[in-house]
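Note that chain A is present in both complexes that follow, paired respectively with chain B and with chain C.
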Partner chain A sequence: MAVGQNVLRKEGVEKLTGAARYIDDIALEGMLYGKTIRSPLARGLIKSISFDTDFDWSPITVCDWRDIPGENFVALIENDQPLLVARDVRHAEEPILLIAAESRTLVEEAASRIRIEYEELTPVLSIEESLDCREIIYGDDNVFKRFLIARGEVDEGINQGDLIIEGCYRVPHQEQLYIEPQGMIAIPTDTGMTVLGSMQCPYYVHKALKQLFNLSDEQAVVIQTMTGGGFGGKEEYPSMIACHAALLAHKAQRPVKIIYDRAEDIAATTKRHPGVIRHRTAVTRDGRLTASEIDIVLDGGAYVTLTPVVLSRAAIHALGPYRCENVRITARAVATNTPPNGAFRGFGAPQVAFAYEMQMEKIALRLGIDPLELRRINMLKEGDITATGQQLRWSVGSEDVLNAAVERSHFREKQEAIQIERASGDSRKRRGVGLSFFFHGAGFTGSGEAKMKARAGIEITDQGRARVLSSSTEIGQGTQTIFCQIVADELGIGFDDVEIEETDTSRVPDSGPTVASRTCMVVGRVIQLAAREIKEKIKRFAAELFGAPEIDLMEGRFVEGGKVLASFAEVAREYAAQNGKLKVESQYASPMGVEWDDDSYSGDAYPAFSWGAEVAEVEVDMDTFEVSVLKITTAQDIGRAIHPLLAAGQIEGGTLQAVGYGLTEELVWDQGRIVNRMLTNYIIPTSMDAPDMETVIVEKEYPHGPFGAKGVGELPMDGAAPAIAAAVLNATGAFVSEIPVTPERLMMIHEGTRRESNED
Partner chain B sequence: MSDEKKPDKQGLSRRGFLKASGISLSVPLVLNYRMVKAAGAEVKVLGPGKAPIQLTINSKPFTAEVEPRVTLLEALRNDLDLTGAKRVCDRATCGACTVIMDGKPVYSCSVLAIEAQGKKITTVEGLMQGERLHPVQQAFVDNDAQQCGYCTPGFVVACKAFLDKNPNPTPEEVKRGLGGNLCRCGTYVGVRAAVLQASRGRKGGQRG
Partner chain C sequence: MSGNSTAHSPRSLDEAYEILSHTAAKVIAGGTDLMVLMNARQLDAEEFLDIWRIDELRGIADEGDALRIGALATYTDLIRSPIIQKYAPALVAASRMVGAVQIQNRGTLGGNIVNASPAGDSLPVLAAYDAELEIGSRRGLRRLDFNQFYTGYRRTALEADELVVSVRVPKLKADERDFFCKVGTRRAQAISKTVMAVKAKTENEILEWIRVGVGSVAPTVVRAYKTESLLAGRAITADLVEQARQSISLEVSPITDLRSTEHYRRRVTGNVLARFLREVIDSDGAGI
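Here is the complex of A and B:
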């Protein structure tokens, strides 16, 4: 059996020896280097563009919006984002021109010889400015999208409660900061255009490319090269870069490479949506939630891009993994003149998770109930109903994860030890322990998967090996490895006899994007079904071939009654000789009874949720207000770990990004431009900041996932920020309602709290 | 530590300024133009012309023609087709470009190629012992101390250099010793385990 084993990562050795070629490691004959000329302004009109006449422009390829053969937009949800600005600049760093030349030096020199004059307009730079509608930059009210989720009678629920508790929480932008910068190479071909590059979603790029040049499915070819991390940042943005490289390549009729440098990548590409989330909760004295009103506003940036989908996930997760009969969730996404915000691991959920968990802390504080107890009282369990009216029918690991995290971390003992320590006098270094509890819907929201109909397949090669055909990308999370494990076990052959087809749109079907924690649960399932069908076919064939009706395929051998009749490879070759290539393609279908209504925004939002609980232990220096995270213990229910070590890696990695989100990662803006564009001033956790981590994997199998697996990619992003903030509260008494918890912010809250208590 | 986290309006923290000034040589400071042929036309280019250099990489001699402002990283990647070391920040902050120069780990993005002449340079491509992975690489495999792999070559080289100097580190020393390499996938837990495994020079002690 391969599933559940820590088999070797498929692409592991290549990466370790430096042999793996990422996009910037590839150079082609006659290739030009491309560069994007961007707006320094957040909002304005282009008045003129001039090219220095003292400069020799003949070796330079220049493209502007008039070089776009069709319509000027990146194909996505609303098609409102131009590839190149024609006149209206709507955010800083917006692309205006593209240039390419034979060397990077020359292209830089050319860039410095271009002058663009603008007429400045007043930009809208924050959620507040957008909502006050003094400047209208989208529709009639700057609102991109609205959602309403309503259940029960909120007024009645408020009457049933003894207390109403309000809270307002703020979450910041966050940069994905994949270590490999964005990059693409476009190659004009006799029949169309081929693009190679770093990406999560080859078929997104394919769609954008087809639309750009009006190409057929076959004329546009997109190939994913080894990709150095994505975290959502390479979901939608690569389409833009691919189209840019292709425009230049088309005009020059030469291959063109565009690689962003770090500063450009930070300044120009998408970020996690910042937001303001308000809670108004009615509770009884004994801690039961009787009504919950939640209002979410996210900043979408200058164009719609993926914002409606992020907002929808935020709204659906806004109440958290808690039971409440009377709920009203309103959600809006607004336009600002900042670079469009987009996909980032968690996709709206980490934002609302910080808010709902801090609201729980606040309620616990007000009621004088232990925060763990409060979670136990209200947690969703199997059979319960969520805010969208979804009954949780299966795979609900809520209690298990909470118990595991509490036990493994010795949460109770630590709480007590801290109390004793506190009583014995004031120390300048204070310890604290905090808890968070969260869930994450796996797969697309609502009817997304039913509409997507993800496709994937398997073919048997001439060598008699199984080859997986899928457009799900390997971006470090282990896609290739787990797919091979699933096929090996379902088919009954060895892990090493399964291989992965290159992620090339001319060779693999559209499995949907590599996002939303859907790769294992959804695409893995489709692959499992394909393997099942292959097995049926080849077994039937072998049964006839050997006249052995009871024949079975196990560990790569056809056996009957304990006797080995042939190897899988032998039979596969014979099959191919008689019937041609054995190839099966399958398609995703939602499990029976999973239903969603887009109009009322109710029903089964996700086929399954993954569940998590986390305990953070911190030490706060009361002179500098610096917070060190000493340890994180986390328990996560992911259905089944196909590869426990890879799953643990996902949990550790996501948790660490969430530590950064909670503590250090903050963008500094000046007139709509990002000021801190380097790794020295946008601070992500280093090895020294990474706390000790203990990970407990809980396996509440999901009946419709491959071998019981659900999603794991995003859940770990949801829990650390609130757990750390709760631990800081425990350590200092300072209630943090905005992240990151920087020393400055913490000092201000602490001083404020002290003043309040002195006044009391 | 905390002052590093406060970006100022120039976009440079103190740490950033020191690091950036340390590599100012890689930014063309020379303002006199020079005309060269590019794609059949005369164009102005910054800086003095190309000079021949000789490098010793992974015990093999290499020659190339590079402008004096070219970094060792660029020379490795663009002129010698050794692309294991990665260009990530180009500002001596991430460690993805780490190579070993005369026994010490250096950020090859902040060493000039001409300065690296006469030094012994080891890159990730030079770690394999024939067909066999270096013990540090093997420990990375055993502990799955990699995800997307973009930081990995630099990390492997840094770990080797660290272990060469500290053959028997404590876990705390490992944690601090690896502070110069950034990994966004968050493989630090695996990397620490890998370093400890390699330091013990034996199998076992694996994660998972």
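Here is the complex of A and C:
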């Protein structure tokens, strides 16, 4: 069996030996280097563009919006984002011109010889400025999208409560910070355009490219090169870069490479949506939630892009993994003159998770109930109903993860030890322990998967090996490896006899984007079904071939009654000789009874949720207000770990990314431009800052996932920020309602708290 | 920088002085600051003087009362040197906090001095140690107190034809102590928000004298002379700790920038000095 084993990564040796070729490692004959000329202004009108007449422009290819053959937009949801600004600049770093030349030096020199004059307009730079509508930059009221989730009777629920507790929570931008920056090469072909590059979603790029040049499915070819991380940052933005490279390539009729350096990548590409989330919760004295009103406002940036989908996930997760009969969740996304915010691991959920978990901490504090006890009283269990009216029918690991995290971390013992330590006197270094409890819907929201109908397939090669055909990308998370494990076990052949087709739109079907914790659960399932069908076909063939009706395929051998009749490869070759190539393509269908209503925004938001609980232990230096995370213990129910080591890696990596979100990662803005655009000043945790981590994988199998698997990609991003903030509260008494908990912010809260207690 | 830059790579100091006497070559040692600027296309230089191969600039020597540290000593050299460990422990502590291991292997003490960043990690130590610089040119050698070297933000007393050759650091004596603390929010690859080094002579909780060097809180690394004189000759009490904390908070002149706020820097600089003073009480009270 391969599933559940820590087999070697399919692309591991290539990466380890340096043989793997990333987009910037590729150089083609006659290739030009492209560069994007961007706006320094957040909002304004282009008055003129001039090119220095003392400079020789003959070796430079220049494109502006008039070089776009059709309509000027990046194909996505609303198609409102232009590829190149014609006149109206709506955010800083917005692309205006593209230039290309034979060397990077020459292209830089040319860039310095272009002058663009603007008429400045007053920009809208924050959620507050957008909501006050003094400047209207979108529609009538600057609101991109609204959602309402309503269940029960909120007024009645408030009456049933003994206490009403209000909280307002703020969450910041966050940069994905994949190690490999964005990059693409576009190659004009006789029939159309081929694009290679670093990306999560080849078919998104394919769609944008087809739209740009009005190409057929076959004329546009998109190939993913080895990709050094994505985290959502390579979901939608690569379409923009691919189209830019393609515009230059089309005009020059030569291959064009565009690689962003770190500063350009941080300054211009998408970020996690910042937000303001308000909670108003009614509770009984014994800690039961009787009503919950939640208002979410996210900053979408200058264009719609993926914002409605992020907002939807935020709204659906806003109540958290808790039971409450009377709920009203209102969600809005507003426009600002900042670079569009987009996909980032968690996709709206980490924002609301910080808010709902800090609200639980606040309720516990006000009621004088232990925070763990409060979670136990209200947690969702199997059979319970969520805010959207979804009854949790299967694979609910809520109690299991909470128990595992509490036991493995010795949460109770730590709480007591800290209390005793505290009683023995004031220390300049204070320890604290805090927990968080969270869930994450796997796969697309609502009817998304039913509409997407993800496709994937398997073909048997001439050598008699199974080859997986899928556009799900390997971005470091292990797609290739787990797909091969699933096929090996379902088909009954060895892991080494399964291979992966290149992620090339001319060779693989559209499996949907590599996002939303869906690759294993949804596409893995489709591949499992394809493997099942292949097995049926080849077994039937072998049964006839050998006159052995009871024949079975196990570990690459056809056997009957304990006797080996032939190898899989032998039979496969015979099959091909008689019937032609054996190839099966399958399609995703939602499990029976999973239903969602887009109009009322109710029903089964996700076929299944993954569940997590986390305990953070911190030490706060009361001289510098620096928070050291000493240990994180996290238990996560992901259905089934196809590859336990890769799954644990996902959990640890996501948790550390969330430590940065909670503690240090903060963008500094000046007039709508990001100032800290380097690794020295955008502060992510280093290996020295990584806490000890203990990861517990809980496996409550999901009946419709491959071998019981659900999603693991995003869940780890949800829990660390609130767990750390709860631990800081435990350590210092400072209630943090805004992340990151920088030393500067913690010092201000501490000073405020001291002043308040002095006044009392 | 365009493609046609030139670099001189002499093997002796005399050759280097000669080149500096008639060119405007930019001096490059480990390159850990300059290469970052170059990569960001912010370095306006076409001619370089690479001093990496001048062995006269290397070596750490015991000269009796003082240690002589060649300008090309890397942070790793400092961390590993038994005499630095013994006689200048705060310099080891500072070196360990520079960048990460790769930077420590390549970055040099001389480079940190000449780069003249107010956030240079080693500089508060040199300030507190009352270090002395040996500066050379074709015109000869001269000595300058480290505390007189900086003339303004990123400005130094170094003439265009001069090189910093070595740094002399008085040895820490048995009845003296030192202290280093960098506040940079993450544990590696951090640029400080405030960074402090202290050298002091104490006896039975009496501070005979104290020297406090602070970085990232003024246009250059500075000494907190006012606070030093407030403390000199006094017994360390809780009240004096509080006075010192407030004194240094007011004495420094930090700004709000990308990395931190003025308020945070003032307050935490005070807290860090208070931490040192409490450590003195704790250790002296505990048995000296």
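We adopt the following convention: the second predicted complex is superposed on the first by the 760 of 760 C-alpha atoms of A that agree within 3 Å, B and C clash if a C-alpha of one lies under 4 Å from a C-alpha of the other, contacts with A are read in each partner's own complex, and residues count from 1 in each chain.
Throughout what follows, a contact is a pair of C-beta atoms (placed from the backbone, for glycine too) under 8 Å apart; a residue touches a chain by one contact, two chains touch by 3 or more.
Keep in mind it's a predicted model, so treat the numbers as computed, not measured.
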Which superposed partner A:105 touches (first chain B, second chain C, both, neither):
both
Does the superposition put A:623 against chain B (first), chain C (second), both, or neither?
second
In the superposed arrangement, which partner chain does A:747 touch: chain B (first), chain C (second), both, or neither?
second
Applying the touch criterion given at the start, work out whether A:25 contacts chain B, chain C, both or neither, answering first, second, both or neither.
first
Check whether A:178 is in contact with chain B, with chain C, with both or with neither, and answer first, second, both or neither.
first
For A:158, is the partner it touches chain B (first), chain C (second), both, or none of the two (neither)?
neither
Look at the residues of chain A and decide whether chain B or chain C touches more of them.
B
A:428 in the overlay: touching chain B, chain C, both, or neither? Say first, second, both or neither.
second
Have a look at where A:652 lands relative to chain B and chain C in the superposition and call it first, second, both or neither.
first
Show which residues of chain A both chain B and chain C reach, each in its own complex.
105, 109, 624, 626, 664, 668, 675-676, 678-681, 683, 685-688, 742-744
With touch defined as at the start, can you tell me which chain B residues reach chain A in the complex?
1-2, 4-7, 9-13, 15-16, 19-20, 38-46, 77-78, 82-91, 93-94, 96, 123-125, 127-128, 133, 137, 140-141, 144, 146-153, 156, 175-176, 178-179, 181-192, 207-208
Chain A partner, complex, touching residues on chain C are 2-3, 36, 40-41, 100, 183, 185-191, 193, 258-261, 263-264, 267-268, 271-272, 274-275, 278
Contacts from chain A onto chain B in the complex sit at residues 6, 8-9, 11-22, 24-25, 27, 55-56, 58-59, 101-103, 105-106, 109, 176-181, 226-231, 261-262, 475-478, 624, 626, 644-646, 648-649, 652-657, 664, 668, 670, 675-688, 690, 693, 742-744
Which chain A residues qualify as touching chain C in the complex?
105, 108-109, 263, 428, 623-626, 664, 668, 675-676, 678-681, 683, 685-689, 742-744, 747
